[in-house]
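Just dropping this structure here.
So that you can tell them apart, the chains are marked A, B, C and D in the order they are listed, and the count of residues begins at 1 in each.
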């Protein structure tokens, strides 16, 4: 077993990372959508802002991936960049190298993000392509990851692979067809699901309370985790809904404060609608 | 086994629900299409009508889902909101919780339907997204539902999962591509199929005549149910065809009665066509 | 075994039907494409012609499906519309009913074809929808058709199911996206493949020479049939290519004969291109 | 086993072919994209150039496929166009015929490439269709190729089939939807992966050092090859990135040299961007 990932923290850390990324993308995506709706007012130069934010995002993703790659290699017990032990005639720390590979592709995503934001001649869809690649590689590695484990362990990882592939599939389809906010939020909701499912795996296989892991041959546990997976997704949807409501309210209130007269007439229609909403 | 679903009524009820929903959606979809064709006459403010109807639809779906959720929890023998029995060290009524989860997602669909109809800033495709989600969750739960059952039981549920996933797939694809009436009717035909297949499952596993269930290891039964599934689909298509003919005739006859002079000239072309049709 | 289909003729007949249909559709599709290219000349009222041809096509398909349905029921040894033998307590002639079901869906395709050609208010994509349905039903029935047979028998039917599903998939995708001639020819090439593969199945399982069937456990036979399947497809492509060349040449030569002066100027560019082609 | 393919060279040769093809297509695709961006200057008649290049490409592909087909047939130990040995009552050299079939479909691709470039009335998407066909046939044959082999051998071929099907899938989807440069580069990156994976298979199964093949039942080897596959893909991405940078730089520098005054004003914006890039 890998010394990093094979414990509770090793699952909570990527989980937290994906959750934060997901919440951040939700906010960004809804902000963009709200700004587009209110585009007649240009008091906030949102384009330049988003541009800088993209670069920052790329740097953070690349930085975290680099940290992950170095961490996997140089922690005590890690492979220390050795791939094959010729003395023993066996591979060194393959799970560590697997995680290294996944981090590497997320690093590529970060680098592409930076490059696409700075070099305007690069098509913006390169970022989406690298996202799909990073996800498919992650799913592919996890799919070939569970050899010889027990039923429950395999099942929770299968569900993880399912959500990763679904996310990758949507990112892949977005390459072909013009993106709309609904599809983007769907993709992000799967990101949140992946994040919280990492936490769930940690709780199932390495309970932080120090108790024993769940009974890995009891089929009732599998049935419960099936339901639990759906609940995680329901929570992801509710989080996105809450962020949607909050961001939309924030943007509206700021627009009203800054330029009440200019937009006033057009806002009447929306106010009626809001009063309808309160009913 | 779950105390609600594990009998004939437990399959006939959701079946009836899906059948009614399917027939209603067929009517709505064809009405919209017919109105769009006759859009030059605006004597019926169809937009406002459809708007109110959508809200009503959302309320009914949400209400039925809530009833289902409460029913699953508080019937005698239900889980009564307890998830884990710490005394016995086992999960409480997992099938009940599974059905609860499915109802919950259909409830989310209802709520989204209401919100998208009342708040105009919300993209209308959110409803379709929640429909796809509700269907995929339903399919996912049913897929992990049949552990340890017998061949025939598994087979009929597999076909159910097949039709649920197909419906979800179409709803998912509709997120990416502009919907046309053909795709919408295809999706609805799968809804009707799902509804009538629930009835078929009830007849196969819990014959209402009180006789024994079908022989669950006889392969001939599997072969018959394969054909039977296709026949259900054929009936769904024929029902949709009948509704199509009826609604189109109704819209045409009402248009003629209300505004015969205005549309008269344009109708000549159609009359020729109708006479051609009668040949 | 079914009394009709379980011999060489039972496979050669549908094979011939699909081959004729495929060749006819190839011709129609390429004719339409060639006419669209030459649309500036309207000496041939192609629209009306194609319209009548569609109706004829629908009548032929519906007629052949009806013949097939009646044939399956009333041949000696057929089910004669009895589904369940209550005396013996078993299903009557299920393979016969399976073929009946397939023919029924192709009958629906024919009827839809006629209706969509005569009633202009019906969306033209209904025909494509019914084609996809007929193919998916055919594939679904064949998929559940091979229980308890031998390896080679299962393998050749698997390949049949593969090509049927691929054809259905393309017809399904055509519902969503505007069709172009390439996609249409791809779908038709799979039709030709299906037709010739029916013949191949007949030769493998019921050699018309009267000799024994092929050794059904020799893996070399499976390997050869894998290659053979590709060759059938290559032949389908070559047939389509030949029809393409012939039809294009025919249309060009007729255009030249009928209206040499009118099109003359525009033709020069094409002639240059042709001389380039001869090089 | 096939006398040609069953050694290191037999895998290195197609690998090299795919690598060269992939690198060439990358260059062509990026050149086209760069030229489109700079289309205001027409000093280089790029259309005519690309047209001739396409014909050359088709001739080379068809020529290599023909060489492969003849080579498979007439090398010592090859089938010499005999398919069935009636004396022995067995098929002759089926693997050789399998490779022959694959080459044949790539030959069809080459011929279509030539025809579509010379005859303007042919839709350009025919080339893409034949590419998808060639890839699906290749994947289909390889999928049915590994019967009775050992675990590691099957696993490396499964990965090969995976990448071939992915490439074919993208080519297939490109038939339906307008291609952009991102999707095209994605498809080409899979071509490079296929090429380098052929080399990897050669190294794993027939080590050129003359040592023994890898232990085919050690699961660690499977785990390593999983990672290795991802690394190959990472290298393919990096190669494409390097070609992208080089070609873009080349086109820019040539544009500057040939017409510095004309483009000067418009270039300022790009220079700013480049200085941003250097930061």
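Methods note: a residue touches a chain if its C-beta (ideal position, glycine included) is under 8 Å from a C-beta of that chain, and two chains touch if they have at least 3 such contacts.
Protein names from UniProt, one per chain: A, B, C, D = Transmembrane protein 45A isoform X1.
Note that the coordinates shown come from a computational prediction; the quantities given were computed from them, not determined experimentally.
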Graph distance between chain A and chain C, where chains that touch are linked: 2
Intersection of the contact lists for chain A and chain B: none
Equivalent interface positions on chain C and chain D, same or different at half: different
Distance between chain centroids, defined by C-alpha means - chain B, chain C (Å): 32
CA centroid of chain B to CA centroid of chain D, Å: 45
Junction residues of chain A - those touching two or more other chains: 177
Listing of all chain pairs that touch each other, if any do: A-B, A-D, B-C, C-D
For the chain C and chain D complex, residues of the former touching the latter: 37, 173, 177, 180-183, 185-186, 219-224, 226-227, 229-231, 233-234, 237, 248, 270, 273, 276-277, 279
Complex contacts: residues of chain C adjacent to chain B: 90-91, 94, 97-98, 101, 104-105, 108, 118-121, 123, 125-126, 128-129, 133, 137, 140-141, 144, 147-148, 175-177
